[in-house]
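Reading through the structure tokens given below for one structure.
Here the chain labels run A, B, C and D in written order, and each chain numbers its own residues starting at 1.
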Amino acid sequence: MFLDKIKHIKAFILDVDGVLTDGTVLVTETGEQLRRFNIKDGYALQLAVKRGYYVVAVSGGRSKGIELRLKGLGIKEVYLGLDSKIETCRIFLQSKGLEPGHALYMGDDIPDLPALQLAGLKVCPADAAEEIKSVCDYISPKKGGEGCVRDIIEKVLKVRGDWYDESPSAHDGTSG
Amino acid sequence: MFLDKIKHIKAFILDVDGVLTDGTVLVTETGEQLRRFNIKDGYALQLAVKRGYYVVAVSGGRSKGIELRLKGLGIKEVYLGLDSKIETCRIFLQSKGLEPGHALYMGDDIPDLPALQLAGLKVCPADAAEEIKSVCDYISPKKGGEGCVRDIIEKVLKVRGDWYDESPSAHDGTSG
Amino acid sequence: MFLDKIKHIKAFILDVDGVLTDGTVLVTETGEQLRRFNIKDGYALQLAVKRGYYVVAVSGGRSKGIELRLKGLGIKEVYLGLDSKIETCRIFLQSKGLEPGHALYMGDDIPDLPALQLAGLKVCPADAAEEIKSVCDYISPKKGGEGCVRDIIEKVLKVRGDWYDESPSAHDGTSG
Amino acid sequence: MFLDKIKHIKAFILDVDGVLTDGTVLVTETGEQLRRFNIKDGYALQLAVKRGYYVVAVSGGRSKGIELRLKGLGIKEVYLGLDSKIETCRIFLQSKGLEPGHALYMGDDIPDLPALQLAGLKVCPADAAEEIKSVCDYISPKKGGEGCVRDIIEKVLKVRGDWYDESPSAHDGTSG
């Protein structure tokens, strides 16, 4: 069932905090918030983009840092400051002519529940909230920010024969 | 006993360092101190405020970053730079006409001991000091900054029927 | 033996990186290095100072942030940028008229070996280098930056009847 | 076999993210990326340089912070922003007249695979990608940024009789 669903995935829709990050924010005295991303996730994200998959990031947070990090990895669809993630996801899928079965959604907490229902393949990190785990097709053994995104992208790309890269780039999008 | 006490809770009084944060400070060369907050805690804090609970943060530290993070989550009562937390708690409870049985206090270290005695429900994170653990009604399985606040708010709101949110907001107060 | 040695301790001499911090530095693009300190350590350090113990920090690193953090806790003796820690320790002990038996040294790595030999009581965090562990009287169950300093100060102050504080201050030296 | 290979090592070629760091980047609101280095690694790196070993850092990332941290430890060969690490390694070995058997390479992810093939001794941290682990001579019990570099340098220097330092410097290159 899980493997069968994987075969049809063309789009990765990813929550940011707790999925692409470790679910913490480091707060400075001026209220700036720093987030922690994973470099191995970054490699997989870049490869997915290179292979022609849609990669979409959705977040209720509104942070220039998130945008800069993700755009640096080649991710074009970065939607921040959302009140309702499901609306954004629905519009995205429609605009690309994608069916629910083409979409994988990875989220970790209750605000992800509605949007998660929209995706054919529902996945979450090891440390997701119970409400999320109970509705997911697959729970990654990795936590948010510790490689859960790498794990699921690797699984999808391997099943679809897109994982092995003859000439892997060392660039990791960490800087210009 | 614990479940019975939970039923009467109207106010969450929370220590900052080691409860709302992971108990570390990251120090810059100019002496600025960065603290690490948890996004899943943030969701629960926002929901508690939305449901009409009092949420109060008390700290001996005096950091603009703490204030900005917590006010961004909708927490109005943020008391910093305190020498005596118990005095602040007593005044707060009185001003709102609250009994000890209405108040839950979560603390992790010896400076929390006096104020803890004031609350009807005494709770602490998994990594609290032994002196604190030994007087608490409930020790969360989660550590400070790793979801202990989410854990206790979720427990209280579930018992009182306030947890499930038909339209969870994706906003997490992480930015304007 | 360990308990017997504890009875005579009047001075805590502490390495910084890997003891008072978690042994990592977070490096910015301008080369600034941020260090991670533990708030529970901070409480114990303040109490030791208040009780009249000498508290001394020694480090090969030369960081304004270390100095600001430690002086904020009331530690007056902060020696940074040292090439030889043993020389600094010897001069300190002499100037205060202290015997080796009055001094506890906590270090975690090979550069601490010479100075460690000078102290009557040799202790280290759980994640110290093997060379250090093999010569220590006591290995804390806590790692550097995760409460090893709190652990040893608490042990000493308890044996000497200095631990319990009738009016613990909530101030943690984290800010002005 | 492993011990035999160790005897001939004259050069340590090290990946940065996930080897010299913990494989995360902390992203600020301006897109700046902070990396976490390990002080115990730092001690070993300085000792290796002092003993006359070549120490080389290679990375696809292009960060001034990496350069400042590593040059502060006395590492002269820091190659950043690489698209192909193998080319840089080949040129380096040739320019120094080194054979593959003289070189140890430590990497953690797929972009390291080609360069890894070039080295006589292939090693990786405990949390390396499976593709890397499967071709390595030695998998360190330590993770990236948690002492894997210290572990392998210590092993090599011990076998070659270069580890024990009669007068270890306390300087750790963390600041001027």
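To be clear about the criterion, a residue touches a chain if its C-beta (ideal position, glycine included) is under 8 Å from a C-beta of that chain, and two chains touch if they have at least 3 such contacts.
Given the structure is predicted, the values throughout are model-derived calculations rather than measurements.
Undergrad: Subunit B to subunit D: how many Å between their CA centres?
TA: Here subunit B and subunit D have centroids separated by 43 Å.
Undergrad: From the mean C-alpha coordinate of subunit C to that of subunit D, what's the distance rounded to whole Å?
TA: Those two chain centres are 30 Å apart.
Undergrad: Which positions in subunit D touch two or more other chains at once?
TA: 26, 33-34, 63
Undergrad: Could you draw the chains as nodes, link the ones that touch, and say if you get a line, ring, star, complete or other?
TA: Ring.
Undergrad: State which pairs of chains touch, listing all of them.
TA: A-B, A-D, B-C, C-D
Undergrad: Can you tell me which positions in subunit D touch subunit C when the two form their complex?
TA: Subunit D reaches subunit C through residues 22, 26, 32-40, 43, 63-66, 68-69, 72, 145, 165, 168-172, 174-176.
Undergrad: Touching residues of subunit D toward subunit A in the complex: what are they?
TA: Going through subunit D, the ones touching subunit A are 17-18, 23-31, 33-34, 58-63, 81-85, 108-114, 129.
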